[in-house]
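Mind having a look at this structure? Questions to follow.
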């Protein structure tokens, strides 16, 4: 196994670790930092792959990741929670140890699911597909258990990270035009989320999503 | 079939029935009086009554509609028609194929509907009461009657009265257990349909019990006469239907003048016996409460159905 | 050229309307732009019908009978909805529910939404298809919350989160698809082009594709509104402005289903067994049944018709899942008639709730008395959507049901029960609204009801007579996906 | 021209559609709708009857229209069966349309235009139902028929009861239509070909053909009003304007019989006797249920509606017997049963149409529909009373009118039972005949009640504003009377000349079962109705009528000749109790009392009896249909329960929603693995 491949695996492990950390993290600020670090790991691995394989468009991709996910979005989120003055701790629906246990189960499931596919892959990053899937599922779990709007959005963004990682690990990245499009969507989405935070805050005086359970079948 | 002698037979029978019916009525009343240890009225009393009524002026309620005045004639016509269909003296009458047993029941139903309607015409409470009770009895008696007739129809494979009588009278003798059931059912229907005890009492005018009399309360004079006459013909017709089914022997072929005296004699004998039997029954039985009448008639209905089933069981 | 027009006009319209700001004539511009898009779509259609499928712009765009039919439908409904929204939004403004800033947002987003729809349909690149579909969410989410009421914010939030998360799964599916395609087509841009994928679909790796299909189905299925992924749909339909409900039901769901069907074609090529078909039939059936039962407990009129959309998307999914020329034909026809009928219903519903000032069905009464056209429009539209002949919805349901009876007879009792319950539910609610004594007031602007009757007339026509060229067209499309 | 009957019928149907559109187009003063639409429609109906008659005697012919689905243009076909029903539709619609032109004349222009539209679309759709030769056109016409009649029923939609009646009607109609649709789905061989020819050729296994039969029976039965799917009928028929009630009861529910015969005999084919038993059981239940509930009604139109249920039962009895005979391989007896059923279909159309029109005239002139408020109408409406009497006698199956003939034929069919080999079935048939006998007698009772209460006696509630002391209202107008006279004449024609219709129906029977009546039956002349052989049974209504009139006249003349015609008028005898009022007459409820007594358990009664010391004693009685509690409400509750449970899926929590997506994803992934 080449050094690059080992490094990528290391970064993948790091990514998964951060995903777990996010799942267990209560403080919102730390959550944003973790998200930024996840972006760093993603960018690094993309860069590494680009460097090893000579896929030039991956450099763009890595740069885009750094720009968007390490700098821009964390900064926006930071500003938002400053402006909205939400620094409270994050409450979860299920307690954290249980969540972690479920998370571990999901990770194993993801590995099992990805294993036969990884066998087929010829990329040097192939073994990381399972990790990518696991981090997607973990982010999903995080979205389910969080009760506040901001962590939910962070969960969503972390899921995007997982998807990007899957793209690079399984296929050396999607075509550039797609990557750009996805990035644009993520960016616009983040802005819209930001707008929403203000609207929600204005209407409900809080960003807790338990206020938003009025529309239902009764 | 439609030869001149046959037509003559037809006319003879029709006239005979109409003329003889009050006599049967008188005979039944006489027998009953004897049985009840009363001194009997003349057997011709019904004729005197009819003549008296026919001479009187009719009194009609102011509100009466044409239906009211039409009904006695319709009743009389229906009964006369029935008398023309039933093989009283002879089979193979030219008019008989025009109506089979089902149509015969239809004729009686037509008469019943008209008399019930006429009863309701004036708008008194008695009329309505009588009509309601009459229809109650009718709706049970009619199917019971049909079932009885069907038993015979299944035996002979025909609903033509003439064919039935032919089959039962002229083939080799056989015992039909189903006919026994049918006979009992028929007797019950006969009692009910002709307003006899135990269903109705032809001699009472007690509000709580009367059925037929309540319906004709508003009639007088010639209208009443026609109705009474029709009632008599109806009893006659029913009895002869019974004879045709259960004791068909002695009946003549239409146009066969030679057999006529025998047939006439047989008819007279049968009628005399049946009239006496009816009087006996009426003496022995007590009138049922009105709401026991449905039970009485539904037993008749069930007996009729049972007779039919037994026919299939035995013959199958 | 036509493709550029179809794509460019709404994009331009969106930019212009966004930059200029709200003016008195903005609704007219909106309608005019939509009309221009429709004209361009008609040109494109004519060309494709005449010359057959084509690709354009380095194969990034392609047109075949399947998507051109949806483009035409989308452009048409987009146009009529724009016509309807003209008086509708004026009345809303008059009632003080929106101000000019929001109208600016509304009109520009309306055009951008049209753009994303058309892009999604015309794109040859599965990745771009995904991007456009996500773009459609982004452009409508602010429309759903246009009124800024708590309820509308909640609805928009749910819409946004659920659809984004859902569609993220689809992205994973796209990645897996790319992964499988790369093996055959080699790395590079062409591996995500549908035309290429279609050609090599038999060589794609079955395991990967089945996994990919699960992700794609969950992802796009969220947007289609398949039970149990549908939860955003009734909220978003009920709380947004009615024109938005109309285009969501009439267009967005169709386009999402289009994406699912495209995926299915690839997966069917790769897998021998009817894996994707069975999944789609299962989801379709579940959607039909669950939505039918939901229908009977609704109080909000728009919410009820939103569930009806879930039900109908279920029928279409079921039809496409069954596959075969008849069922696919029926599915396509059902797409057409459903989007026409449902948008017509939303038009009448919009005006009805404006007239009565409520969306609560218990308070809407006697529409036929107060405004016969709205009342008759609603009752005829409802009957049409319930599958009453001679309307076209019946035509497709007829084909779906009879085919199902023959090929999957186990499914028909469920369909029967669901259709019966849905009928009782919807008609039981609509009848008191249109009949009886009225509760309505006058509207400050005359309502636009021509679109309603144009839609219903087309649906009626499709019920008794489908023009031969349309049949041809459907057939070609059905062949592509059957 | 070769295809005269088919083309002609098509023209008539199109003409009805054109009238419908024209009626809508001139809403301004509605001159067309008011004065021309209905008479023109009646003329078209007359033409349709003629074409139908021609079609019965012509070979079957087909044509296609350039409309419809791809690969499935609308197919039309006129064969004897269709011809017979076209004749039924045309002839009965003629009378009803003439009547309607009088009845609707006073409507406002807007309503009249709508009624004109819906009414003629209704007629046209019924014609297309009968003409259809493919499943798709059939369904389209079928549901259009339901829809147009629904709108007609809800003409007076301001009344809540009418709205709910309309809803129930359309709901059951739709459910039935779905069943029919599935039945076609079962029959079509997967070739995408829905023409009736293809369906005939499908060749189903016994299991599937039984499924198809059950679906068809359920689907058409829902429209026909057989129990337990009848609930809509007594609600919807009274709700509609009377000419529409007449159309629905007279013709529309007969299209269901048409559908049944068409699908079961013609398309599925291979009739099995077990099906016949099912039809017989349901038919017997329907018959008894219908007539018993009719006896309990005091709303005239509701009562008539229950009688429609009963008569559908009678038709089903005939059909069932026919199926039993065919199933056992006795097509001749089977044909007789079919003929009896179809003849009753025609008869019921005529007399029930007549009765509904009569009820409409009463409603029109007195605004009354509750029998308990009527009385003595024969004095103010003698002509209506006359026509109604004919209808009442006909429906009571009294000779020599038409109702008797078809019941007589049904009895004759039952009497063919000895030919069957299966002992159990053989002894069952007479039981069904007994049911029929019972129902016939009960019907007579019911119509004595109706006629006696409504037309005879004296007005009851004289406190009623609409009821002046001398009686109510006025007689029906000319057009209304003509419509009723047309149908009353029909009662006579069908009752007196059954043989010509028998021969006509024999062609229908031959075309469906391959065998018709015996030669002896066919050779009998117009005077004698002979179903099998003269020795077995015969009936001559003409002679019957002549004799009964002759004898009655003779009696009259004799009495007059020998005696006198003197009459004195007086008050009715008051039994020595002078304070009687007209309220002391029997009421409709009272008339039904013996039946309630005898058949008590059948009904669900809520009675309120006045106590002896009541100041204002009132008696109230509410009879409810047990089916509501045994079938409809449980189903409704089940649906409500299920939907409340399913509603729990959506509690507004986004986390839960996300969890659904998540679990779906995980579940599918596990499944794929």
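Going in written order, the chains are labelled A, B, C and D, and every chain counts its residues from 1.
Please note the rule applied: a contact is a pair of C-beta atoms (placed from the backbone, for glycine too) under 8 Å apart; a residue touches a chain by one contact, two chains touch by 3 or more.
Quantities reported herein were computed from a predicted structural model and do not represent experimental measurements.
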| remark: The chains touching both subunit A and subunit B are D
| Two chains sharing the most contacts, counting C-beta pairs only | B-D
| Closest chain to global C-alpha mean, per-chain Cα centroids | D
| said: Based on mean C-alpha positions, I'd like to know which chain lies farthest from subunit A. | reply: B
| message | Centroid from C-alpha atoms only, then distance subunit C to subunit D, rounded to Å. What do you get? | response | 44
| query | In whole angstrom, what separates the CA-based centres of subunit A and subunit C? | reply | 31
| task | Find the geometric centre of each of subunit B and subunit C from their Cα atoms only, then give the gap between the two centres in Å, rounded to an integer. | result | 78
| field | Mean-CA-position distance for subunit D and subunit A (Å) | value | 69
| Interface hub residues of subunit A, defined as touching at least two other chains | 113, 140, 143, 152, 209, 212-215, 217
| field | Two or more partner chains touched - positions in subunit D | value | 647, 649-650, 654, 658, 665, 669
| field | Residues of subunit C whose C-beta touches two or more other chains | value | 157-158, 161, 165, 211, 234, 294, 297
| In contact (per the touch rule at the top): chain pairs | A-C, A-D, B-D, C-D
| field | Residue numbers on subunit A that touch subunit C, as the complex places them | value | 55, 113, 116-117, 120-121, 133, 136, 140, 143, 149, 152, 156, 159-160, 163, 166-167, 170-172, 174-178, 181-182, 184-185, 188-189, 192-193, 195-196, 199-200, 202-204, 209, 211-215, 217
| request: Please give the residue numbers of subunit D that touch subunit C in the complex, ascending. | output: 67-70, 74, 135-136, 139-144, 146-147, 154, 157-158, 160, 163, 166-167, 170-171, 174-175, 178-179, 181-182, 184-186, 188-190, 192, 194, 639-640, 642-644, 646-647, 649-650, 654, 657-658, 660-661, 664-665, 668-669, 671-672
| message | Help me check something: in the complex, which residues belonging to subunit B touch subunit D? | response | 54-55, 57-63, 65, 67, 73-74, 76-78, 80-81, 84, 95, 97-100, 102-103, 106-107, 109-110, 112-113, 116-117, 119-129, 131-133, 135-136, 138-143, 146-147, 150, 153-154, 157-160, 163, 207, 217-218, 222, 226, 291, 294, 301, 304-305, 308-309, 312-313, 315-316
| field | Residues on subunit C engaged by subunit D in the complex (per definition of touch) | value | 157-158, 161-162, 165-166, 169, 210-211, 214-215, 217-218, 222, 228-229, 231-232, 234, 279, 290, 293-297, 325-326, 329, 368, 383, 386, 388-390, 394-395, 398-399, 401-407, 409, 412, 416, 419-421, 423-424, 427-428, 431-432, 435-437, 463-466, 468, 471, 474-475
| task | Using the touch rule from the top, collect the residues of subunit C that touch subunit A in their complex. | result | 60, 125, 127-128, 130-131, 134-135, 138, 141-142, 145, 148-151, 153-158, 160-161, 164-165, 168, 171-172, 174-176, 178-179, 182-183, 187-189, 191-192, 205, 207-208, 211, 234-235, 238-239, 294, 297
